[in-house]
Amino acid sequence: MPLFDKPLPDLREYRPERHEPADFDRFWQETLAKASTDPLDPSFVPYDSGLSTVDVWDVRFTGFGGHRIAGWFLAPRDPAGPLPTVVHFLGYQGGRNWPIDWLVYPAAGYAVLVMDTRGQGTETADPDPGANPQVPGFLTRGLVDRDTYYYRRVFTDAVRAVDAARSHPIADPARIVVAGGSQGGGITQAVAGLRTDLAAALIDVPFLTHFRRAVEMVGETGYGEIAGYLARRRVPPEEVFGVLDYFDGVNFAARATAPARYSVALMDAVCPPSTVFAAYNHYLGPAEIDVWPFNGHEGGAQVQRMRHLRWLADTL
Amino acid sequence: MPLFDKPLPDLREYRPERHEPADFDRFWQETLAKASTDPLDPSFVPYDSGLSTVDVWDVRFTGFGGHRIAGWFLAPRDPAGPLPTVVHFLGYQGGRNWPIDWLVYPAAGYAVLVMDTRGQGTETADPDPGANPQVPGFLTRGLVDRDTYYYRRVFTDAVRAVDAARSHPIADPARIVVAGGSQGGGITQAVAGLRTDLAAALIDVPFLTHFRRAVEMVGETGYGEIAGYLARRRVPPEEVFGVLDYFDGVNFAARATAPARYSVALMDAVCPPSTVFAAYNHYLGPAEIDVWPFNGHEGGAQVQRMRHLRWLADTL
Amino acid sequence: MPLFDKPLPDLREYRPERHEPADFDRFWQETLAKASTDPLDPSFVPYDSGLSTVDVWDVRFTGFGGHRIAGWFLAPRDPAGPLPTVVHFLGYQGGRNWPIDWLVYPAAGYAVLVMDTRGQGTETADPDPGANPQVPGFLTRGLVDRDTYYYRRVFTDAVRAVDAARSHPIADPARIVVAGGSQGGGITQAVAGLRTDLAAALIDVPFLTHFRRAVEMVGETGYGEIAGYLARRRVPPEEVFGVLDYFDGVNFAARATAPARYSVALMDAVCPPSTVFAAYNHYLGPAEIDVWPFNGHEGGAQVQRMRHLRWLADTL
Amino acid sequence: MPLFDKPLPDLREYRPERHEPADFDRFWQETLAKASTDPLDPSFVPYDSGLSTVDVWDVRFTGFGGHRIAGWFLAPRDPAGPLPTVVHFLGYQGGRNWPIDWLVYPAAGYAVLVMDTRGQGTETADPDPGANPQVPGFLTRGLVDRDTYYYRRVFTDAVRAVDAARSHPIADPARIVVAGGSQGGGITQAVAGLRTDLAAALIDVPFLTHFRRAVEMVGETGYGEIAGYLARRRVPPEEVFGVLDYFDGVNFAARATAPARYSVALMDAVCPPSTVFAAYNHYLGPAEIDVWPFNGHEGGAQVQRMRHLRWLADTL
Amino acid sequence: MPLFDKPLPDLREYRPERHEPADFDRFWQETLAKASTDPLDPSFVPYDSGLSTVDVWDVRFTGFGGHRIAGWFLAPRDPAGPLPTVVHFLGYQGGRNWPIDWLVYPAAGYAVLVMDTRGQGTETADPDPGANPQVPGFLTRGLVDRDTYYYRRVFTDAVRAVDAARSHPIADPARIVVAGGSQGGGITQAVAGLRTDLAAALIDVPFLTHFRRAVEMVGETGYGEIAGYLARRRVPPEEVFGVLDYFDGVNFAARATAPARYSVALMDAVCPPSTVFAAYNHYLGPAEIDVWPFNGHEGGAQVQRMRHLRWLADTL
Amino acid sequence: MPLFDKPLPDLREYRPERHEPADFDRFWQETLAKASTDPLDPSFVPYDSGLSTVDVWDVRFTGFGGHRIAGWFLAPRDPAGPLPTVVHFLGYQGGRNWPIDWLVYPAAGYAVLVMDTRGQGTETADPDPGANPQVPGFLTRGLVDRDTYYYRRVFTDAVRAVDAARSHPIADPARIVVAGGSQGGGITQAVAGLRTDLAAALIDVPFLTHFRRAVEMVGETGYGEIAGYLARRRVPPEEVFGVLDYFDGVNFAARATAPARYSVALMDAVCPPSTVFAAYNHYLGPAEIDVWPFNGHEGGAQVQRMRHLRWLADTL
């Protein structure tokens, strides 16, 4: 993939006007308030996956709409006291998979709660009362109204996943970290913008960010679903973008206060670098960014994760 | 596409054992009986699409689960009396589109009701209480149980679409024809197997037929969603095929009595010819088949449709 | 497909210098004058395709070089009087196909003549005395001289197709409309620039327009044939572009006076939007344009056609 | 490319029934007799391409229908006497290109005449009175009748190319060799079947051979054009194959008497090995074959050509 | 990917003749004996990757030719006594990557040594004195002689990796397990056939097995490099296969005695199931196999690994 | 391929700053001086490839590191005196192939030495003491240090290939020409910059030139290997580009004094035109350039070669 977006010096200065609905905050306050009327009812069932130095629980908690959301909770066996705890959100079309996929944090002395993204993966349903016809994928599910849009449900699940993590006795509630890459990075941004009690946010190559530019730059996967939706329905684009504004990572970043570590890749054609810098440059709290000049959407991969471990050790 | 399936003489004799659940008939009786407790409540709202020799109605009726199903109803303006009426079902991922897409039957003197396939297209929702995580597409939606499987809802909608068509004063209830290609051909087969009041069935390159063989032959589109589902979930295949047996076109064909006209294409890698002949050779009523030796999934296309017009003129 | 051409505000102003040969008008006058020495000899043979509310004729008329050109003529049965009549030109590599493909205009109360594009489709030959070796396709057929170029023959056929339509007793000669998309849009532009007796022109995502820019922007299909020709022959490009100037839609648009309705799609990589706006912005008569911001070469598709029906109702 | 055709031992025995029209010989006699009424009128114009040890002539001669066919004639400068001369036919979609492409034979002491394939390349026109609409390519040009089929013209050109070569004073008429690969191999087979005065034939991975099987085995390029033609026109296949029988390499091989050297590649998906062996096993004269077990359509390439030089040295 | 190999019942019986060189055992005895003259000189340098419950060492040891081979050694911190230890070999074109990639075994209470595959990854060089020109990849590196073939070096490294693992004080030498998938499965098979002191072998979808059939079945990746080599060099195939026989997993399996757990996927087009069963059915020691009917080369993935943990708990 | 680089007028002026290491000249002096301590030891063994007007020798000479480099030497038989001689370098992943591939120069009265590129082709090994893990291909072989980089060896071989050519009695040492396209063009540039005794240089679409820009413009083949290397290793890019600066065609062009003929293609996505003009515009000696506006990486192909013959006739 050749370079295709703005040059790096321009990216570092790229801070576009945000399209923020006037009632953005009220929409999310009401959404979360309504969700909080359902008891969280977290459940942690021990799970035997053959491990002996890590404890594993099969998690369920109540997310948006009273729906039960699956996850895993892992922690090193016999910890000395409450542990800093990472709430990890997943990339697009992935699922929580298996406990053996999530061993990095326990091996580093953290607990981790991995939240299933509803409808994706294999475990967590997304009961969708609207059930509008969609472009295959999730970006256009419910995209007829801010109230029915898929990511309203997901972001609410994610905000409550933090509560679920805090409810586990091993978790130290003062040291909750949110983290994720791609879609997981987009969810992390949203949670960081909607909660004020987080110790840190790890945001890698975030998706769901600066939709208006992304939809014009990305033809195929991910953002391309929205162009496909507009192409087929031929509704006024503002009807669609006006909904997406309530879910745009740029608007969440502008509210987030937890210390953040971003990463971006300059040859990333899935989440173009200008869309990442748009959010990073609006981030309200302290933030730094790792730039991968010759990588695509894989970004910093495992090297990034090792940097995260070091940075968390310094930050928490 | 080269030839890849059995030679034509073998296809003509190919009549595999059917996998038929013992309670197949009871399952469908109960399904349709339950649906019939919701009033059909057909609605025909005149629609102005700029035509002057064809009347168009925007249709809604109640299908499975009390859900409203969209459609179009078209008829030549000022007919001399009740008209033979075609109920047309759609190919995969299509939708009812626009009235100007469905002018052939009115131009030939028939009324036509085009039924939206729920969740596909742009108009008809598929409220899905189970909402299991799925392979993108529809073949694995609800594929955890015969009761929640997507095509239980679709086939029920389709059976009731015939009632909706019969309820229109222009339709001659003694001359209702069901028709469709690919997914629409699979739906047509199902309706032909579930109703006894049909005057004819037009079944082109049907999908949803002989699943057990099809899933092993087709890698990518359509049937490939099921292999993808099995690949990811790793459940015992019989759990999945045991559900699909209730929806297999081969089992519906073995019950259908209306005169039928099939078509099949020998280079069709989407709905392989052996799967079509499997149903055709089990068809209970009188049936004939057009074989297109050098075509793919497009089959006979418009030439097939003109043959249909002639055949209907002879048959009805 | 991401956006790849100029931004919309620039497109709306894009009105490039035209490369117009000094004897452009004379070339076409002489071409058409010569063709008119062959009698048009239109033939309308009733054709039974199983329709009952639409009359169909299998058409032949004499186009360029005395060659017989095929077409279909359709009209609603038993019209009250002479009908407004659309002469419809076809997209690249298509053919007149079957009468049941052309039912929209008769259903809306118009007659329609669909002209085969010589050499394309299956019916109409293109006797080509030069028969120069070509890049597969039609864009380089005869591209050694303006006199032998393929589109000289096609555009002449098209001008005469209007005469053929006018010769049918059902057609109202005061209300002849020319229409087409892609290659058909390019042909429509040419006819609109060469005739003064047209009631309207419907020009969708036109091909054969602003060749000099298009050949540098489009790598593969369509315009790419010309680059392929230049790549292999290595003649001075001006030898080729100097011929194409006689056939460029921009030059026809600058002469056309009939009221026109254009359409353009901003993600159209086959006929890039700047090439369409180049012609639209040079159009001499009254014109308006529909812009499809998230569509590719399909443009407005059926929605565009319904807009056409409404616009024609207002315009004629 | 994996192995996909019959195993080698079966290929060595594969000698299918031939479909030979009763008047095959008369058709070709009459075709060639008619062509011979046009004077050959060979022209050899010295051509300066900057070479100093090879003489080059730009060739024209009259082929089928009085059309002038281009070629190159090369010979080592200052030969001691008349030279054995190769008439070389070209692969599909190629052209005679430039003299510097054809230096192997002169460097080995032979003269060579390279014949342009009409319509292909850049120099030789194919005036086509029928000019039927075609699938892009040449395999369906004129494929409505044996008299109008493209390869009737090409094979006639090729038979006369031998006469043209013999007419050059440098050529030794007793030592004329015909040669070519792929399409050129198919043409070579035809000439070998139609002339009795040839000293040898070099036939590599021949195309245009055993059409009935090839069309069912090859989806895309080459033979796939015929399936595409049948798919679109939907004529009875026998109408098409009945024409092709007059041009099938299997039928020419069964008549050819010159000593022949074939080659075949077992992973050749363009000209499948069974189609090559079908001709080889029917070859009437003495023949041997080189088998390339792990090659595709490139066959033996330059190694094959060096074998040819050695074999010709032994054979002539 | 559709099914393309033999049916499962036939696969279960597929036990082809092996091509075993007469001096197979002597070749490997001499190879390993020669290697053992270089001191193993294992080095375990503690490595800080930010983990706190797992100890990590950066490993080097001397493999074939005195070359230093890199690896990681991981073990749970503060083990109660010597641990069963897995020696893990890697898939094609992978490398040892980072310690955080290899946490499953330590989390389950095992130590693990991950061996870099020389030349692949980023750390371990493959000094190659022959340095013959190759098809890109590793399958044809040194494929001119059994002594210079790449996998002679790799398999020797792998045999000595077991010694390196045994040399670590945490490792229990009576409980050494070898494991790997794809190329790693092929290496595991080789080590299992060359050592008699192993407690178990985990062999997933093994590569480098039944070359003679694989090369004819697989066109592109992996095995296709060998066909590419034969296609270009045109040496007698037996020269190549005669070398490969010394490295064929089928011949190692016939010597291996450690209890083995295989896995195979029926839609695996990279390592076709018949090649896996060929080895499995020749395996000398006790063996069982997991069959994944709808998976490709990913085989059982994480589910397979969890089965491994349970099976090892039972077996060791 | 559409135009994608700068417009031609800008290209003609494009003369970027060069990144030239301070010790560039010393590095190459020392490299060549060291190589010259190995005797060249050229060997010319007559080779019978069946030609009769051209003499062929199988060549070996000592290149970098004492390694023997293969080649062919061809000359017209019985020349009148010493001949001007071309030393020809090869494109990427090619090899010297067979004598019959290199007949153009002998046919034009020149001798030619064709040098194998070590490791590429089938004959010449590249003993690589470093043997670092690489991206498949050659661009990252040894790319850890200027001393181990692959092209240090290749360029040294090439400089000495000129000496080998001069050592043949047929060669006129005052008329040695260096020539090549793509990789061969890059090698030619290097030799032209490192020797002062050349009569001319023919440089077509050169590779290995202006690396810093090329790596950002080319995603896949060729230059893309370097981006792939940076993506996986994540070393500071300057570590890599700092090595490449010693091998950049731009720096060699700035030293070269022989009369040069360049060519460039404006749609060349493998060696983008701006990278070619960067070198051309820095060329120190007299130079001219052929621009192919509608060609890709094939550039001027055979037409370019004929221009070369004419230009050489004028220049030498």
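Each chain gets a letter, A, B, C, D, E and F, in the order it is written, and its residues are counted from 1.
What we mean here is this: a contact is a pair of C-beta atoms (placed from the backbone, for glycine too) under 8 Å apart; a residue touches a chain by one contact, two chains touch by 3 or more.
None of the values given here were measured: they were computed from a predicted structure.
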Item checked: Recurring contact interface, reference D-E, options B-C, A-B or B-D [over half identical by residue number] -> B-D
Margin query: What's the farthest chain from chain E if centres are computed as the mean of the Cα atoms?
Written below: C
Notebook entry, point to check: Could the interface between the copies chain B and chain D be described as same, meaning over half of its residue numbers are common to both, or is it different?
Noted result: different
Notebook entry, point to check: Between chain A and chain C, what is the separation of their C-alpha centroids in Å?
Noted result: 50
Checklist line | CA centroid of chain E to CA centroid of chain F, Å | finding: 40
Notebook entry, point to check: What are the residue numbers in chain E that touch two or more other chains?
Noted result: 303
Next item on the list: Could you list each pair of chains that touch one another?
Entry: A-B, A-C, A-E, A-F, B-C, B-D, B-E, C-D, C-F, D-E, D-F, E-F
Next item on the list: Would you tell me which residues of chain F are touching chain A in their complex?
Entry: 215-219, 227, 230-231, 234, 237
Margin query: Per the contact definition, I'd like the list of chain A residues that touch chain F in the complex.
Written below: 1-3, 267, 292-296, 298, 300, 303
Note to self: For the complex, give me every residue of chain F touching chain E.
What the structure shows: 95, 119-134, 136-137, 232-233
Item checked: Touching residues on chain A, where the partner in the complex is chain E -> 49-54, 76, 97-98, 100-101, 103-104, 106-109, 302-303, 305-306, 309-310, 313
